[in-house]
Each structure stands twice: as C-alpha cells, then as structure tokens.
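Quick notes on the structure that follows.
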Amino acid sequence: MTLGPAVDALAQWLSGPDPAWWAVGAAIVAVWVLPVLAVVFPVAAIGQIIERKVAAAMQRRHGPNTVGIDGIVRLVVRLGGFFLPRASQDRLVERICALPGLGLLKVLGLGQLAADGVKMIGKEDFIPAGTDGLIFRAAPYLALTGAFLPFAVIPFAQDLVALEVPVAALYALAVSGVTVIALLMAGWGSGNKFSLLGGMRAVAQVISYEIPVGLAIAGVVLWCGTMDLHQIVAHQYNGEWYSFLGWNIVQSPFLFLLACILFFGGLAECQRTPFDMAEAESELVSGFNTEYSGLRWGMFAMAEYTEMILVGCLVSTLFLGGYQSPIGENWIITLAPWLQTILHVGIFAAKFTAFVVLMVWIRWTLPRFRVDQVMRLCWLTLVPLCLVCLFGLALTMLLANGTVTGAAFGRLPAMQHLALGPVGYLLAWAIPVAVAVVLIVLARRKYGQMHPALRELTGGAS
Amino acid sequence: MSSDLAIESAGGERMRINMGPHHPATHGVLRLIVECDGEIVSSATPDHGYLHRSIEKIGECVEWPMFVPYTDRVDYVCAMNANLAYCVAVEKLLATDKTTAVQVPRRAEVIRVIVAELNRISSHLVAVGAMSMDLGAYTPFLHGIAQREGVNDIFEKLCGQRLTYNYITIGGVGFDLHTGAVEEIESFLAQFEKEMIRFNKLITTNTIFRDRCAGIAVISAAEAVAYGLVGPNLRGSGVDWDIRRDEPYGIYGELGVRVPVGQGYAGRTGKVGDCYDRFIVRLLEINESVRLIRAALKLLPPAAEKPADPVGGFQADVAKALRKPPKGEIRVRTEAPRGEMGYVIVSDGTKTPYRVRCRTGSFTACSIFNKLMKGIFLADIVTVIGSFDIVVPEIDR
Amino acid sequence: MTSAAPAGSELQAPSSKLDNAAIAERVIAAHPTVAARSSDNGQPYLLVPPAEIVRVATLLRDDAALRFDSLMDLTGWDLSKYPATPPSSDLVVAYFLHSLAHRHHLTVKVQVPREAAEVPTVSGVWAVANYFEREVWDLLGVRFAEHPNLKRIMTPDDWIGHPLRKDYAYPQSYNGVAHLREGQRFEPPPAPKPAAAAPPAAPPAPRPPPPASGGGAAAP
C-alpha cells in the first residue's frame, strides 16, 4: 500500500492493519475523488455563469435571473414545518425569500446552476442504436480527464501546487491532448455522420493548433530556461513595488506576441467560437456531442469550461506572473504564509477569470471560421509568426548577454532583466513594434479598402 | 476559391448527409440531401413539400376577401407584403371591368406603403440576422430581432397582430392608423438608424464574416435571370430590376425608389453576385425602406370622416364588386422582401376565385441550389441558404 | 443612400419595348400555327399548339427584338368548370414571360386535353422552368415530356391524384392513416370521380424507402 499516507491511514482505520480491497477503494474515493469532484463542479459552474452573464449583457437581455431557491425553501418549510398552518408556512417562505442575500442569489442567477445540475443528472442517459457502445460511453470521461489533469501542475500559490515536476509545461501540453482522443471517440462512437464530421474537424484542428501553442510555450521556456511552471513564475518576480515589470509579457514584444498566440491557440484548442468547428451548431447540428444527453453531455460541457480556465491559467502562469500581484508583490511575500496563499489564489483567480471573460466576449461577438480558414490561420499565420518570435527572442537574448542559454538572467530586479539597460530595453520594444506597424499600415493600404457603400452602412467610419 | 478543391477521393466514395427537414440552418423544414466527400460537397438536392398546406387549393374554396388571411401564411415573415400582393392583384382584376373597378383611398395607399416597407425592414432584419447566426454570430441576430420587435409593436397597435397581420384588405386597409402612429413610426426610425450602424459595425464589416461570404456561390447576372431569381437575390447579381420602381403599383411611382445592386462589395476577394453582395443589398434596401417610409409619411393625407372617402378614407366599398367580379384572368406582381410575389388569378365571375396561383421568390431560389452547391465546403451550404433568405412556407405554400 | 449604389431613380422604359400586338405579329410570322387571343377580361395572350412550344419559346428568348430572358411564372389550371365559350375540359398551361432587356411582357398559353395532358418541357430554354413544371405536374397533372426530373415536388412521391384538378377526389386516407375522424366529412363532399381518376381510398401500399438514408441514424 503506497497510495499515499492519507489513503493508507483511512483504509487501515476502516478495516484493520491489512485493509481489504473495498476499504482501499473507499479510501481512494474519499481522499482523492471526492475532493476532485468538489473542485470540478464549482470550476465548471464559474465558467457557466460567466458565459451566461456576459452573453446576456452583450445581447441586452437579462440572462438567467429568475431561478432562485424559492422552491427549495418552500419544500424545506413544508416538510420541516408540517405542523404549522398553511398560511404561516407561506408567510415563512416569503420572509425567508425576502432576505437580501437570497435576493442577490436570484439576481445573479445562481439558482439556475443548481437547476441545471439537477436537470442534467435527472435526464435519461440516452444511448441511440447504432452507437459504438464502449467508445460512446467512455468518451465524456476521457474528455473530463484530459481537461482536469493539467491542473495538477498549475501553481495556484507559492506552495499550492499538486505536482512539482521539472517538465510541468510539457506535461500540461501532453495531457491536455487527451481531449482530442475523447472528441474523436465521441464523433466516431455516436454513429452519426454529423458527429463524425465534428470529431474529424476537432482532431484536425486541435492537433494543428498544438503546434503554435507548443511553440509559444517553447518561447517562454527559452526565455526562462526551465520547464517547471513554478520556476517560471518565480522567474517573473520583481522586487520593486511595480512588480508587473517582471512579467514575461512586458519583457519583449516577441513574448507579448507569443502570449497572444498562446491565447488564441488555446481558444482553438477548447473549440470556442470563432474556432468551434467541431460543434458548429448551424452546420453540424451539434457536432461531436449531437447524440449525447444528460450527464454525459454535461461532462463535455464541463470539460469545455475547464479547458477555458486551463487556458487562462496557462497564459497567466507563463506570461502574467502567475499568482503574483501586479503591484506590491514584494510586500505580499512578507505577510504570513496563510494570508499570502489566500491573496495569491485570489489574484490568480482574477487573472484566469479575466481570460475566461475575454473568451466569452469573443465567442458572442465573432462569427465562425470555415474549416480551411482555420487551418490556413494556423499553418500559414500562427506557426510562421511563432518561428519569427522565437528567432527574435533568441536574437534579443544573444544581444543582451552573448548567449542564448536560458536562465542566464537569474532572478534579477526589474529593468535589469536585460543586460541592455533601459535604453536597450526600449529599443528591444521599439524596433519590432515599428516594423509591425509599418507592415500593418502597408497591408491595410493594399487590402483594407472598404467599399463606399459599406462605409455608409457603418455610419461613415472606415 | 473552393472549387479547385473539389477533387473526388480515389475510390469516389461519397457520404450522404441529410440536412433537414429539422436542422438548425435550414430555416424551417427545408431538406437538403447532401452528398459530400469529406468536407467538400459534391451535390445538394433540395427536397420540398414538408410545409405544403395547399394554400392554392384553399384559394379555390374561399371567397375573395377570405383568402387574405391565407396570404399571411404564404410568407409569415413579411405578411404585410403578402397581403398587399394578393389585394393589388384582386384590385387589378376588378379594374379590368369598369363596373367593378374600385378606387383605393389615397390615405390607404400611403398606409399600405408605410406598413409594407416597415415589414420589409423587419423581414430583412430576420434575413441578415439569421445569416449571421448561420455563420456562428449569435449576438447580431438578437440585436436584429430586438429591432424587429419595434416593428411588431407598431403593427400590434395597428392591427392587433404581431406575425400574421391580415391588415391590408381588398380596396384599402383594415383599420386606420391608430392615434400617435406617425410619431411612433418616426421615433422608431430615428433609433433604428443608429442601431443599424451598430449592427453593421458588429457584423457586416467583420473580417471573418466577410471572408466567409466573399466569392462563395457566385451567380452571374445571366444565370440569375435564367433561374428565375428575384428581389435581392437577383439584384445581388447586379441586375438592376425592382418592380416597385419599374412597374410601380400603389404610390411607389411617386416616391422614386432607388435600387441598390451587387457590386462586389467584399472588395479584393468579392465578386458580383456572391453571398456577401446579397447580404449587403438587403442592408442597403433597409436604408432605402427607411427613406421611403419617411417620404410616405409626408404624403399621408389627413383622415376623413367616412372610411370610403377617396382621399382620407381607408377602405373602399368593394362588397358589391366582389360578389360579381369580372370573368377572366390577371397576373400581377409586386415586390416583396424575397422578391417578386406574383399572383395569377382566374375568376369565373363568382364570389370565389376559380384559381389562385402565388409565385414566390424562395421557390425559384431553390431551383439554383443544386447548381451552386457543387465543390463548396459543407460549412458554405449554410452561408448559401442564409444568403438566399429562404422562408420555407413560401417555397411549399 | 450610398453614393456607390446606382441611383437610377426612375428607369425609363427602353424604346425597344414592343406592345403585345407587335410581339404577336412577329411570333406568328415565324410560327403560323400560333394564335393571338385575349382572355375574357381582355388580357392578350398567345395560344401555342403543344408541339410547337419549345420552338416558340426558343424564338421568344433568342430573337433580338423579343428577348424574353425571364420566365416569371409557369402555371396552369383546369378549364372543366370554367364558364368558357365553348365549354372545354382542357388543362391550360400558362407561361408568363418578361424581358429584362426590353421591359415588355407576354403571356403564352398551351391548351391540352386532360386525358393526354402532355407538353414538351421548356426547361432547356429557361432553367427555372424545371421547378415550375414539376409543380404543375404535381398539382395539376400535366406531364412535361423530356423533363430532366419530373417528380412530385410538393406532395409525397406516392400521392394519388393531382389536387388542383377540379375533379380531384379528396383522399380518405394516406398509407393506411385515415384523414378523418369517425363521422367527419370533407366539405365540399368528394366530387363524382371520372374513370381516369384513381380510387380515393387506395389500399395502403408499403411506403417506398426514403430516397436518402438519414444522416442522423446511419452508421458512418
């Protein structure tokens, strides 16, 4: 028994010094699985509520705002207060529901989450004839697994990381790829041509976009000289009050560009509009999850939201200083460890939530690419851009300290990150930005001519 | 662009997909039998009739004015224009005999133009909104629908209905404008123009949207004419033809309708007659309709006491004429949002029509589908369907 | 409005526009079997013998002075209850033509006996006729010879009868499913059917398999 001290202790407590198989199983469920589930549902719920609220705000409607917990309150009062007269029961329900906290709950639409959960669990687990049984049933679990495994290496605070491995970045990239297999299994196992097309699209797209994503991560690895995410976060520490100047994203325009590429690549990997080829509601009905219902469908949905949060976490960790505060990080680390952890987790949550909001915003604004356009964007735009960035990064490092070996800078205070000094730092930004601006202006002049009728339609704006 | 990708696989093996009759992008119950090689479509055959309700047969069984509510159902997205088409046709039939000719009051004619153009706006809003939704942008669709609600609110006050109005009658309109209608319409138009600019900034000039529509399903002017395309689909191909201007009915002749045509609006990648042109022509027509409504409001004569007053009334007395209409036949066409809506009416001189035939734009638009949908991507099918603004009850009737 | 959208506020009718008499004269000169008529309320049309229709149509489309490039509508009706003089039980197929080049109209009609209702197709002349003719075949039962795809378009493939004929017998059931509840009756009651019409309550034939396998259920 080497499953971990907590599991061993619980199993031995349950059935003696040589625990039976059932005791080990129960201990594993109690110690590992239940806490994971306790994290899974809130995480997916956060994504869901953000999605609904942002969409509602953009579309000038109310969104989920009518489901409170009135029904539950009523049920509890009826059952618990059966001895009271009916009128008093009703009055009690009204009193409780009028409490300000519950009203807020209703406004936020949080009751909708509970209702959705109950609905999802209560629905029939519908498995159509003609499905490939095992593959069809297993796919949602695999999707969820692939979405959750990378969280093991994400540092949420100084000491809050489940698994410290030296190749954490590689690990995260690798295990998140498991989702592709799940999508393919779902597409194939459903026995539906729309699902099959969706699954195939998903595979082609996710595998392609792993290249720019991998290259973007490689840029950070090159810069920081380590694949350990914790080390990468530590590398972005800056001892001044303006601690954001230590972040990777402000170090070089190439890193900034790589951060954008990582974000958009991540967007493509979690199949969100404008990259939702695999679901493509108006083309493929619902793509790979057409035939799923109930909790199995819910698992795909949860996997999607989890992946969104994962992308937010990765971008924050690799480029935005991870759990560090943008200002006053040097003050935070002088606090008591428990307070530090709480602050760090909060800051980290704020960062990845911002990315989730951004993703939702993009989803409800943009139309969808076509399959070939997605592929073209990946192979003809993002991959060459990544290579240019990697080259530019290496060149910057070479000019700065004469070598391209990573981690040459160590943990230095801000502005000394580059041995170029402040002038060199500004130049390192100015030259690539100038080149990019010139290229963009030229491209606009050549291709950006808008028909006068369109200018009229948009109120004269160009 | 995509046609050069239409290479058959080595074995020539095709996959056959049933798109519809219930599919999110087929706007109702249109069914397309799609044969494709992976993502590339080799043929798409429309299959009609899922919404066939024998409206033409019903027309032979009901009296002349009783058919008006059925015309609502021919095209419920622009029921006013559908009413108008039938009523104009019957009035033209009555006009072939001096004893039965009816003079539609001037005020009713102006009201007809106002409500028809308002309904054209709301119909085009559904068209452009649904097309953007087909391409994956949901928010513009809801913004368009929100504006359509404004039109529906006006119509609800006008005639009590929000979808199938049964408002325009033979010889006039069902009710006079309600109190404050003119101000309501004007304030709606004022905020509507601002909203459309926001809408266009959101979706019309979006690069992804433009690139997905540009150069897809290009129809040449000759093809468009040969396949009987009408309305914005015809004008999208650059054919300068609008019945409101070229064969004016009602007071359209006085308003000077200006007709936008497709010009390859997408720019570098665009061609005249592609999906983007059809989309833009609809948006330009919305602007033109706004102008026409404002012009028509200026022409609106004050209401008279008697409903049948030739100037300020709203409903001519047609009961006697409809009891014994002239024997014979007539074909009249009007410009509905989906193009020509033409009625062939045969009368045997009794109080029911002998034959009512309704020719609609969506029906003929479907005839070109199979030709267009060769060598395009599966995703382009929804672009093409959306760009044609298909309304299924209009196809099947 | 945009400066780019063509203004063309009032398009003038081109001088090449012909009136109906001139069109008829030109057509009859080439095809003497064509007759110029007018309907009971004075709407002029050309009556073309069925065998001639393709040649006349081609002339109408291709002649430089006529150039009827657009087939606005193609429909038909049953004359059997129409108070025509002399009474007739023929089926009429009407072609409504329009010229975008010259902006003139023309109505062309073909009259065929209901027992042998067959007209050559004009879908080779105007592509849109393909759909119109399918509809006329489906609803009126006029067969269009050499049509590329003469299948029912509105009603199901195994539907019996052509609903827009005046002697159409309302079916009591379709594929064994009764249309009426017990004691219910159609208004108007079924007309006495001629020998040619199919029996209204056909024995429920096994439904042919749908032409395409469903995307939803078929295994990939």
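As written, the chains take the letters A, B and C, and residue 1 is the first residue of each chain.
Throughout what follows, a residue touches a chain if its C-beta (ideal position, glycine included) is under 8 Å from a C-beta of that chain, and two chains touch if they have at least 3 such contacts.
Only a predicted model underlies this, so the values are computations on that prediction, with no experimental measurement involved.
A.B. asks: As a test of understanding: of all chains, whose mean C-alpha position lies farthest from that of chain B?
C.D. replies: Centroid comparison gives A as the farthest chain from chain B.
A.B. asks: If I average the Cα coordinates per chain and compare with the overall Cα mean, which chain comes out closest?
C.D. replies: So the chain sitting closest to the middle is B.
A.B. asks: Please work out the Cα centroid separation of chain A and chain B, and write it as a whole number of Å.
C.D. replies: Comparing mean C-alpha positions, chain B is 44 Å from chain A.
A.B. asks: Averaging over Cα atoms per chain, report the distance between chain B and chain C in Å.
C.D. replies: About 22 Å, centre to centre.
A.B. asks: Using mean C-alpha positions as chain centres, tell me how far chain A is from chain C in Å, no decimals.
C.D. replies: Averaging C-alpha atoms per chain gives centres 60 Å apart.
A.B. asks: Which positions in chain A are in touch with at least two other chains?
C.D. replies: Residue numbers touching two or more other chains: 193-194, 451, 453, 456-457.
A.B. asks: Could you tell me which residues belong to chain C and also touch two or more other chains?
C.D. replies: 1-2, 4-5, 215-216, 218, 220
A.B. asks: Pull out every residue in chain B that's touching 2 or more other chains.
C.D. replies: 15, 17, 260, 263, 284, 287
A.B. asks: In their complex, what parts of chain B are in touch with chain C?
C.D. replies: Within the complex, chain B touches chain C at residues 15-19, 33, 47-49, 52, 54, 56-57, 60-61, 93, 96-97, 222-223, 225-228, 239-241, 245-246, 256-261, 263, 284, 287-288, 291, 326-331, 333, 340, 342, 344, 346-349, 354-355, 357, 359, 363-364, 366-368, 396-397.
A.B. asks: Would you tell me which residues of chain C are touching chain B in their complex?
C.D. replies: On the chain C side, the touching residues are 1-2, 4-11, 39-43, 69-73, 75, 77-78, 81-83, 94, 96, 100, 103, 107, 126-128, 130-132, 135, 139, 152-156, 163-164, 188, 211-216, 218, 220.
A.B. asks: Quick check: in the complex, which residue numbers of chain A touch chain B?
C.D. replies: It is residues 55, 58-61, 193-194, 197, 200-201, 273-274, 276, 280-285, 364-373, 447, 449-451, 453-454, 456-459, 461 of chain A that touch chain B.
A.B. asks: What does chain B use to touch chain A in their complex?
C.D. replies: It is residues 2, 5, 15, 17, 23-25, 38-39, 132-139, 142-143, 146, 196-197, 200-206, 208-209, 211-212, 260, 263-268, 280, 283-284, 287, 377-382 of chain B that touch chain A.
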